[in-house]
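The following blocks contain the structures, represented as structure tokens.
Shared between the two complexes below is chain A, which has chain B as its partner in the first and chain C in the second.
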Partner chain A sequence: MKQPLYILSACSISPQHTYDVEHFLDPIVSSDDNKLYVTNPDYAKYISPVAIRRMSRMLKMGITAGMHSLEVAGVKTPDAIIIGTARGSVTDMENFLKDMINLKEEALTPTGFIQSTYNSVNGWLAMMTKSTCYNQTYVHRGFSLELCLLDAQMMLAEATEKQYLLAGGFDELTEEYFIIRDKIDYYKDEAINSGNLLSHYNTKGSIGGEGAHFFTLSNDPANAACAIHSLRMLQKPTSQELQQAIATMLEQNGLTNDDLDVMMCGMNGDSRNRFLIDPLIAGCSPNTTIASFKQFSGEYDTASGFGLWLVNHLFTWKAIPSAVIYQQGSSNSIKNVLLCNVTIACNVTLMLVTKVV
Partner chain B sequence: MEDLKIKLKQQIIESLNLQGMKPEDIDDNAPLFGDGLGLDSIDSLELMVLLERNYGIKIEDAREGRKILTSVQTMAEYIQQHSKI
Partner chain C sequence: MAERVVITGLGIISALGTGKDAHITAFRNSRSGVTSVTHLKSIHAHEFVLGEIKMSNDELSEKLGLPPGDNGYTRTTLLCLAAMDDLLQITDIDLLRNEPFAFINANTVGGMSKMEDIYMDVITTGTDEKNNKYINTLDCAESTENVAEHYALKPMMATISTACSSSSNSLILGARMIKHGLVKRAVCGGGDALSRFTLNGFYSLKNVDKNPCKPFDQNRGGLNLGEAAAYCLLESESAARARGANIIAVLSGYANTNDAYHPTAPSPTGEGASRTMQQALDMASLTPGDIDYINAHGTATQNNDLSEGLAIQNVFGTSAPYFSSTKPFTGHTLAAAGVIEAIFSMWAIEEQMVIPNLHFETRMEELGIQPVNTIMENKDIDHVLSNSFGFGGSNVSLIFSKA
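Now for the complex of A and B:
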């Protein structure tokens, strides 16, 4: 990745108090039924009463996170809106499908159909920011957000002047979606407290989660705390392939294993991916602090957005919240952070994020 | 007729998710679109679906639809004359 993605702002709506950063993890939000739903902010601050009455929870989450990110970055109209989502607005889709069945495909309301499409959040954001530029949605399961970021990177690499993009990802958890995924062993059979997720790594499955995470990105480092320098997606790698990919990524950026201050690891507590996680942790330098985030976000296809939001804030806070530390390393600085997300399907995404000096 | 109008207002509030609004807040003769309730074109589609689902009335002529959906009063009058349920 030749063009770094400078992160000017990050906004997250998640099960934790991420929208109001000052109260992040204070208190820690947890659940005992394997489902972590978002803590809702005041959506009316960003969405008009006329528009909000028609919106599902997912739309409100996505639009508010996107608008808040732009507001923090001081960008009114972005040069592009690029989003990744694996499922779009599940509630709207469920409502529309139920109506189709119950009403025998007659007298269907338009709202459920219009807003169940994957790109409805992009459309709303474009209208609200009066952006008529590039607008794209990536729908690729666990790689959705990463492909969105890759597209943003390519766009900024081609830019001949300063550009400001809005990029992000969102996915939603519903009761029915949980039941369907539970049937394919996505979630744990035993009910656990979400905060203890990593203590349950000996059983299969994870806990459900949801969230919307948006980032204002630029090729201009001014006002950025950090930048994504490398990004890789690995489909069902072996442990050796994962280790090799990390080593190559570090080498390409002039770094060694010892230079990694933090490994932000998306460990989901599923015993089926321990063959990746255990060697990954064992292979870390003693300098590196290993942190984990899925006990706070839950597992979903774009959960790496929560991890990226957290990584960005490590640089702005200049500290690692003790609650996210899995294994303390000896490094006292936060310069190089590797975000490593492992999905239920044993796919892995890597992002090397470094401090902007 | 009065009972029908109250029922219709309740259905409009539920169908369009007019949060915080009660049937008594909607004037029988106030325009549904523009200055009155401030509804838009998607709402007009929702109201047409409401008539079809609850009263078996199918509006196929857009010009006729505009007249029917002028206010709660015009909707109620049309329902009284044409309801198939």
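Now for the complex of A and C:
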């Protein structure tokens, strides 16, 4: 599909100071217990005092990131709201489930049940923007956000006029969810400083993270700094299949390896995916600067949202913050960026993001 | 882009049984699958009737050739496997192995039916050998990934969760992927198993009827929950014709809109649902008069039936086509509701029948229309509209037409 997704705005609520983008990495937020929780913005900006009291933090995060993205883009009522989340509001699910167990199925209040519904943020955003159009929720683990972007790409390809879509991904870390995932080797056995994640690539597991990332997307390039031109989801690829997918993607866009100014790599520090990461880095052109972000976002199913937010801002800043640089390349322009996200399950997603001229 | 998307294969398991014959026989005999509870272990189990599938997890496993006991599959996945197995009775699996296809599944609570039994152990730190097989099942994609893996299929996968409209959205996504040329075929549907979590959730919302539900009845008292899984094989008409496939129906129209009104309640005037049905008609280039039967969402909650009834009246007038809710047969099967009712709609075309709205007695005082409450056979059914509405204001309408 040839339809570019022009990014009109990107909003992030993450462990770092990303919501107020001026203060990104000033200071760097880190942790020493393998958990990175979000730095909360002022949720009262978009949510009424009455609503906010009953709302769980995932809802507040999702709604605020979505509304802020639209405000920055100057869009009041989007033509579609498409969201990806692997787990929705985990806290609400936990609360309702534990109440049900502890109270022996008696005298339960429905708030947690309602808010744990995976499309509850979709519903709130539709209400708040009076958007009665297409509304969709993808819940497929490490592909959730990418499926949402694929849908957005189809929507814009189907459109006969200018359209403005709100697309986003979010996931939440909780203490209980951390324990569950720790049991399936999602996180490192040793406690590390999050900032040093990539110097721990010899042991299995990563660090936990969370965040909400929303993008206002359009088929209209006006006011966009960059656009997603190609998108791929690879299920457990071999290293060779990954290299081939990248080569094909570049070729389809008339590019070669040397044309990549930046590879934004979702390295998560898990030794079990080095068979993908090591050849990927070795195969990069000397022109290409390799950047990484999971030492700032933590690892979670929709962490690629942080990567895409950062890629978008490389184009608006016209610079790469030194703290995200993993390996400096010789290119001094930012025109073509490949976002390559690798999950704990060794699934890979690719997005080719190109400057709008 | 203009090519039609057709349905060439169906697979289903619900409280009425597995496959077409079990369902059609039940419809013809007005035999409901909503009964007292056997398998769900809830304190409230004896108080409710549910559309429970009449097989234990071990019986389902045996039917699927899987070992009994803790085999790593949640009931949700077992139901999805049973539905896929039914689809593969009439569809050669090589068709899915030799050419790229999408598997689009829908789900509301993942493996909750298992996790709610072991959750307190699972969140206790330390080793957990006993529960290890199930630890990664509390997300909606677990059944999707397990089904693909079980059949050694490598599709493009997606899982959707928009509450009670989830699997209707699966069909829309599959159709769009085919139209965009991303895949030639798509297996689309969804599944949900009963869980205490869901039962208590709806119970705490006070919209569960402990007796058999009565959609569109003045004296309706809420919904009955159920469980089911079902899949449809969608493909481009040219792909279907090229292999000489039997075309069951054409997916001629669809629409997804949002109420933008309330987190759990539909707009009382039916404005949102009206818009959805109208958009689906527009896409199919049909007028309201072309629709021969509406398979309504019809949950039997106060809110839904008023909103949907008014919406049907808005779009179709008081001379609305035959309409019925089939939920008294199956219960409200949540993520599976959209696809099982899509299948019932296609069977209405194949069998030229209108499925009755069981338990209907008294017309709602707000409405000038009422559902069909006895089976109607030998009717000219060419176009059927099927509605699915969910929490979060999610509205979906699908239109199926005779091939």
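Just so we're on the same page, the second predicted complex is superposed on the first by the 357 of 357 C-alpha atoms of A that agree within 3 Å, B and C clash if a C-alpha of one lies under 4 Å from a C-alpha of the other, contacts with A are read in each partner's own complex, and residues count from 1 in each chain.
Heads up, the rule we're going with is that a contact is a pair of C-beta atoms (placed from the backbone, for glycine too) under 8 Å apart; a residue touches a chain by one contact, two chains touch by 3 or more.
Since the structure is predicted, the reported quantities are computational estimates derived from the model, not experimental observations.
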First, second, both or neither for A:M1, with chain B first and chain C second: second
First (chain B), second (chain C), both or neither touched by A:Y46: neither
Touched partner set for A:I184, first chain B, second chain C, both or neither: second
Contacts of A:L108 with chain B and chain C, given as first, second, both or neither: both
Partner chain(s) touched by A:Y19 [first = chain B, second = chain C, both, neither]: neither
Partner chain(s) touched by A:R54 [first = chain B, second = chain C, both, neither]: first
Winner by number of chain A residues touched, once chain B and chain C are compared: C
Chain B versus chain C as contact partner of A:F214, first or second or both or neither: neither
Which of chain B and chain C A:L147 touches, first, second, both or neither: second
Contact residues of chain A, present in both the chain B and the chain C interface: 106, 108-110, 114
Residue ranges of chain A touching chain C (in the complex, touch as defined): 1, 81, 86-88, 93, 96-98, 100-101, 104-106, 108-110, 113-114, 117-120, 122-124, 126-127, 129-141, 143, 147, 151, 154, 157-158, 176, 179-180, 182-184, 233, 235
Complex interface listing, chain B residues touching chain A: 15-19, 38, 40, 42, 45-46, 49, 52-53
In the complex, chain A residues that touch chain B: 49-50, 53-54, 103, 106-111, 114
List of chain C residues in touch with chain A within their complex: 1, 42-44, 107-108, 112, 115-116, 119-120, 122-125, 128, 132, 135-136, 138-141, 144-145, 154, 156-163, 169, 173, 176-177, 180-182, 196-197, 200-201, 203-205, 256-264, 272, 275, 390-394
